[in-house]
Amino acid sequence: MDSIWFKLLGVVVSFIVAFTVGMTYMGLSRKITARVQNRKGPPFYQNFIDAMKLGSKTSAIHHGVMQHFGPAFLMVSSVMSLMIIPVLNNGMWFSNLNFHGDLIFLLYIMVFGPLGMALGAGQTGNPNSAIGVTRGLSQMVGFEIPWVMALVALMIQYHTTSIVDLMNIQVESGTWLIFSSPFAFIAAVLAMLGMFRYSPFDIVGAPTELASGPMSENGGKYLFTMMSSASVFAFAKLTLYVDLFLGGASNLIELLIKTFVIYMIPVLYGVVSPRYRTEQSIRYFWGWPTFFGLLAILYAVFF
Amino acid sequence: MINDKNSQKIVDFIQNWARKHSIWVLAYGTGCGAIEIPPTMTSRYDAERLGVRGAATPRQADVLLITGYLTTKTLKRVIRVYEQMQDPKYVIGFGSCTINGGMYYDSYNTIKVLDKYLPVDVYINGCMPRPEAVLSGFAKLQELIAQGKANGAQKYKDNLDWYRENQKKIIPNWVMPEYNW
Amino acid sequence: METIFLIFILFLGGAIVTWMAGKLGNIVQDILFLATILVPSYLFYTNVATGYAIDFNVGGIELSWGINAFGWLFSLIVLGLGAFAAFYAVSFMKGKERRGAFYLNFILSIMAMLGILMSQDLISFFIFWEIMTWSSYIMVVYNGNDVQRIGIKYFVFSAIGAYAMLMAIVLIKSMTGSFMIESLISSYTSFSYDMQILIPVLLLTGFGVKAAIMPLHVWAPGAYSNAPMAYTSIFSGSLSKMGIYGMVIVFTTMLSYVPEGVWFRGVVAWLGGFTAVFGTLWAIKQDDAKKLLAYSSVAQLGYIIVGVAIGTPLAMMAGLFLAVMHAIFKGTLFMVVGAIERQTGTSNFTEVTGLIRKMPWTFVAALMSIIALAGIPPLGGFVGKWMLYESLITSDHYLLVIVIFFSSTAAFLYCYKFLFGFFLGQEEEEWAHVKEAPALMVVPMVILAGLTFLLGTYPGIILKPIANGMQTLGYGMTQGQLWDTSIILNEWGNQVVLQPILYAILGIFVFFVIFVTIKGYKNTRYVTTKDISSSGEVPLAHENLTFSQGFFQPFLRAVEPAMRRQIDKYYTAIANGLESLFDFTRRIYTGNGQTYAIFVIVFVVILLIFKNSIFG
Amino acid sequence: MDELKTKIIERIKANFQDATENNSFNYNRLDFNVNKTTVPSILFYLKDEMGFKHLSHITCVDWLEEGELELIFIVWSPVDKIKVFVRTRLDRENPVMDNIDMIWRQAHTYEREFREMFGIQFTGLEAPQDFLLEDWDGPPPMRRDFHTEEYASETFFERPGREDAGDVREEIIKRSGEEIPDFAKKYSR
Amino acid sequence: MVGTPVLFVAIPLLAAFLIPLFGMIWKESVRVIPGIVLAYLLVLAINLMNYVMVNGPIVEVIAGWAPPLGINLVFSAFSGFLVTLMVFLGLIVWMYSYRFKRNVDFEPAKKYFLLLMMLITGSVGMVLTGDIFNLFVFIEITSISAYALTAFYTGRDSAEASFKYLMLGSLASAFLLIAIMIIYSQLGTLNMADIGSKMHLMKPAYKIMAIIFLFTALGIEAEIFPLNGWAPDAYAEAPGPVGAAFAGIVVKAAIYASIRIIYTLFDLSGAYDLLIVIGMITLIVAETAAIRQEKLKRMLAYSSIGQMGLVMVAFGMGTEEGVFAALFLMFNHAIIKSLLFLSGSYLVYNSKDKLIKEVNGIGKFLPITSFLFVLGSFAIVGLPPFAGFWSKLSVLTAAADSNMLLIIALVLIVSIIEVVYYMRVVNRIYFFKKDESVSTQRPTLNALIAMITLGAIVLIVGFYPDAVTGFLHRASADLMDKAGYINDVLTLN
């Protein structure tokens, strides 16, 4: 069981699962957006087609070595997050590396990718890329605050920083953390809106304003790598939310249901929202979400 | 890696299928044609169900949609944009201005025949073409892609000298980077 | 002769000889300079063991020099970084004016810092402290830019700190009858309550100035950015650590004996937290790389202060580990700026762009140090930050951890600005001539950058000396359980195992780099940064499209209320007010003989009137 | 209104001897012919002394037969609600005019356009050469002796069958056998 | 024992009168003779000092009249130390001013060295004398030569400064004479030791009157605020070496006299507090005034006043440590401030207004002089490892031992001000661009030697304070030992 090959298999399988699920979810979000806008919308597998098309582009350009590294950094971050986050409740399947790191490590691994991507975007020399990166980083500072507050609240409430421990606590006590620490959940979910960069927080890669920002010089295989990384990352984040607040999942079906429910929050919020400017979104995150984060910490300290 | 002819065929089929159903459009909104794009994309006609979607930059785009007359000044930019796109790439000429000059047939500053300068895969005629026409144009392009006939980029590559000559005739001050793929 | 004396005589003599040797030729001077740094360092590490001390007597005052394990840890920062910076400096100073003075003060600073670490009594501590202050002061004003403002500000704040310390020292002397640090520590609990409060306050003020803690930090940005970069790397890397060194001693010895220590720890930790936040915010605003790094130094020192002020074993380890890491990466970054400034003539982000293909090695060094600074695994900064957060959470400093986290996240902004500003973006004709820096400058930078990688994977290398040092300070053996060679652990038992993570990261990274690079390799073309999709426009060679003005403007707009007030302005207002007041006192001397005569008469009259109350 | 106009005419005439007015236009409009050397000063005077703050328009007429180009500056006084036309004639062969963009900044754009379209040189105009017509090397296209259609057919490719501007519908009908619907007939030429 | 204390007064006085005579024979002799005399005196002082350190004070009786009736000179560890210092500084000043500015010509040089010898006579006499009326006489000698030296550069400003000095000096003389009259009328004696032993017989009212007048009179000479109006002008307008002589010799003598009076003659408890308060005010006012000065020598003058205030504070502590600190300060101040005046004079040698901004960028042109000035600046603000640090440390330690927290804090705050104005000058010297219109003057060799000697002492004392602390401890013990002093003087014969 502990053999390295088994582990590697687990990594590959979880990657494939994450990729598939993430892609499907993103396709579904497009479909849902279309339905909300009274359109028929693309089929739910449209994202696979797009990815395939991008992968089958026969030429590509790059502006230097950092542009090669950028998508790779992004992918490293996504896959590492996936490996640190326990996918299922029992440690046997897809346990990957999740006994080797904790929540704070995860936080840093999660920002690793965007920063690497930012470097890649920087080397293209396209001013739009740099502008998009500055907006993205600024917005990240915004949503990290409630997000960290929620996590810290969980940590002090249960005296552990390990995700696995938090899941075990939920399994043992039978209550999900969404009920035992509701404010942390609210803060975390509000922060998640920014993390997914859907509307209204999509100024980073606004297509008409910034020509898609950081991605503006990337096409073909670079875009393909980014897209698949984004889907893996989305799945990883959703799994993390499920693990932290919804008691994890004991099998894949349960996981899919729970992640889909969580995923609907930013998607549905997004389709009915206009777009915030950067400083507006930062102020948004430092308003109510941070307040709930504070409440969560107080709740954790006093109860 | 895959040298076998039949397997190449299968790969081509799959790739063309993907390309056919995922058309990212860079709309070069010159002239009055640009106004026909929003209805095409939004809920009334919803081009997204065909996999047609806007692309923000030429690097990401598959199709260059030229929606009207091109002055010599804009032609330069259009050529630039086209050359920045990644293979495989297609051009759709939109409206009679791109076909024969349309109402600008005697303008001192507007080109009349687009396919002398860029390899147009599909022309959509009309002044202006309605969204239905646009959609049928896309459908035609999809058909061509599926058949592997939409090889404008290859044509451009093969006849680059001829295209360059035509382009340089009306753009004497040629300062663009080399097009070498 | 005692080796300790020999070390200092070599430093001092070497400094003066190097200073004088300018006439013998540059190469002789360079060799003398390097020898003066390296030979005593070698002697120190070979002949001076920890736990070694000698006593002697100067001017009727008992002095004692020696080194303990804690000082030895800091000596790594001082001499190690000093040696790298020395090699760098030799190349950096090529063809500059006043090399002699530079070398003299460089050596004196190193000597003074080593002296501080070796001082077992307060007087030699103070003497070396002041030598460090004025030698660094001369370096601050060395370039001659704006010296009356920046230099005087630095010296005034240093003097405030030093004199606060001196006041504490003389008070201690009058109470214990001795200048020994040991006697201070042993008799501290028997002091009166007032003194128990006053002495740590004074000492912390003294150390806080050098460590650039919040209200006393205003000198730092100007001073760091104004000194030659070869010196700033040790100025920010090592010299500021002397403040940390002192603070650690105050916290672990004196303040751990009295109940008020908890308050001190809390206040200083919060000050450190605010320092971190505001240092970061101001760093984001800077357009000059030197200023940016200077503010960033202030912010990073804030983390370190938080760590040492909290003072649980993990927090202390985190603080000390961060101190070592900060020395390495910030030293490297200042070297990078120096290299860029030397090659291009400016250090302003709005002017220099796109150096990545011209100075690749410098970029590698900068990239690795920046990743370490940002605290991103697998490089060294992460280990320190991880331990800091875990210690803050496990020791119930919940809001502080948010503050620190905010600062640390916001630090990504200036990290990116640094890399983007210099290395990325459009490649301009203006900088087409730029070449890579000389090998002597590049090699120290790259080696130091490599160290961040090594320490990020095997932090045990440096955590072991830290643990030894902490035992000297009175921590038990428990902190030994908080780390293994490559595993770090918090007090609840949660851990990060660095090696498999490192391997995983490297593996995935290589895999995808290969994927991205190899796939369709022949069809992947390099295009210049002028060939960008800018709405079909072709930027001309002289047109600079790099986005560098008002970087992070949206973020700054969002935090604008917090940055509206500057402490610096208040200090300036106070200084101006005092100068006007002094101008008033100057007018007492009117220059009129009659007035002076009246003064004499008035003086006599006053004495006569109050004679009973005065002499009564 | 009439007193106002008379007053303005008097003041202009008093200050600028070469100004001749032809006052045959509608009620709030004045019209002066001046020498081209007088134009900057009269415009300056109108703007600073008489409250004609607003430069409405600058336009140009090509008097091919007379061998002259006529520049017309139209200024407007928001207080008096009167607009003044200042006309001047330039030699067609060598049209040179003083630059007035220091009086109104927006004149800059007009002047760049005239430079390209009519070939009028404005002395001291600091602007890049290309404005609307990039890389133009033909004669100024807005002059009346410029033959647009000829130029276009020389320069640009033409689709065969589109040599004239005639109605192609008949041809299409013939080719495909379709009928033109009644409602569409009125649009055909 | 190779000589008697009386030689310290007699020889320079004689030399002063002989200088013009020998000058008629050999013109260079006006320069050479003072040097020989001072060198001899220095050797003599050191010898005597050695003797005193072993055998206790020497009391020299003039003309055979035993104290309390006769005039006596006391060469104790305290006064001997000061005498040695003064003579040494006299030698330095002589060496420095050998060919300084107007001294190149015969006529001014004659006057200059004559007056310098008179100045040294008077100051040394003030320190050595054991008789209060003689003290008056020596003060007059000192003052009159000082007035003349102040006005040595015959100009409007010099004359004005000299006149102010003269005016306040006359007041001082008047007060001193009044005080002497009061004491003599009450106790019938002029001998200090005798006065000290009989002080308890004096009526308190008279006692207080006497001490007020004495204190005021000596305070004028010792530059105490607010009695020091003459000082900035005199320092600024007198030749550079004379400034050094004032700071190192004249003021030291005056301080000695006032301290001797307070410590030995009177036993008023409030006097110590008065010293501290007045010293503190002097320190603060002088340093704050110094920061706004535009002329280099005026700045140095104010700094000098401030240091004297600090000396007063140290004396005012009344403990042996305080006295030790005060003596150490006096020693350091004499050396360092002389160094500053001497090197500072060359920094603004050719300038008319002696403005601070005229030293901009001069470090490149006068490297050694600038370096010595910077060394002096660093030393006087008390940066280790230079001499000034140890004296500042001893002052603070003494204050801490006397539990005077406020004093420590104030002294340190004022030190920061001191740092600011000295560092501004240092910055200007090295890190500013030189004004092309300012011409520089290279120091002569003898001036260089004089300055380097002082600089070497600064460094030696900085690195090895034991070189002087032994003497200082003896001297301070000697000053504190009032009974011993009286005993030594009165039981002679």
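Observations
Order of writing sets the chain letters: A, B, C, D and E. Residues in each chain are counted from 1.
Criterion: contacts are C-beta pairs under 8 Å (C-beta built on N, C-alpha and C of every residue); 3 or more make two chains touch, one makes a residue touch a chain.
A quick note: this is a predicted structure, and the numbers were derived from the prediction, not measured.
Common neighbours of chain D and chain E under the contact definition above are absent. Listed by label, the chains touching chain A and chain B alike are C.
Ranked by separation of Cα centres from chain C, the top chain is D. Of all chains displayed, C has the C-alpha centre closest to the centre of the whole protein C-alpha set. Note on interfaces B-C and B-D: more C-beta pairs are in contact across B-D. When each chain is reduced to the average of its Cα atoms, E sits farthest from chain A. If each chain is reduced to the centroid of its CA atoms, chain B and chain D end up 37 Å from each other. Averaged C-alpha coordinates give centres for chain C and chain D that are 68 Å from one another.
Averaged Cα coordinates give chain A a centre that lies 79 Å from the centre of chain E. We define each chain's centre as the mean of its Cα atoms; on that basis chain C and chain E are separated by 44 Å. For chain A, residues touching at least two other chains, in rising order: 57-61, 211, 216-217, 220.
Listed for chain B are residues 57, 59, 76, 87, 181, each touching two or more other chains. None of the residues of chain E touches two or more other chains.
Here, these are the chain pairs in contact: A-B, A-C, B-C, B-D, C-E. Residues 14-15, 18-19, 21-22, 24, 42-43, 46, 48-49, 51, 53-57, 59-62, 85-88, 181 of chain B touch chain A in their complex. Of all residues in chain A, only 57-66, 68-69, 71-73, 75-76, 79-80, 83, 97, 99-102, 104-105, 108-109, 111-112, 115, 118-119, 122-128, 130-131, 133-135, 137-138, 140-142, 144-145, 148-149, 152, 155-156, 159-162, 165, 211, 216-217, 220-222, 225, 277-279, 282-283, 286, 293, 297, 300-301 touch chain C in the complex they form.
By the touch rule above, chain C contacts chain A in their complex via residues 354, 356-357, 367, 374-377, 382, 385-386, 389-390, 393, 396, 398-399, 401-402, 405-406, 409-410, 412-413, 415-416, 419-420, 423-427, 490, 492, 494-497, 500-501, 504-505, 508-509, 512-513, 515-517, 519-520, 523-535, 545-547, 551-555, 557-559.
Chain B meets chain D in the complex at residues 72-73, 76, 99-101, 105-113, 116, 166, 169-173.
Remark: chain A residues 30, 34, 37-43, 46, 49-50, 52-53, 56-61, 205, 207-208, 210-212, 215-220, 223 touch chain B in the complex.
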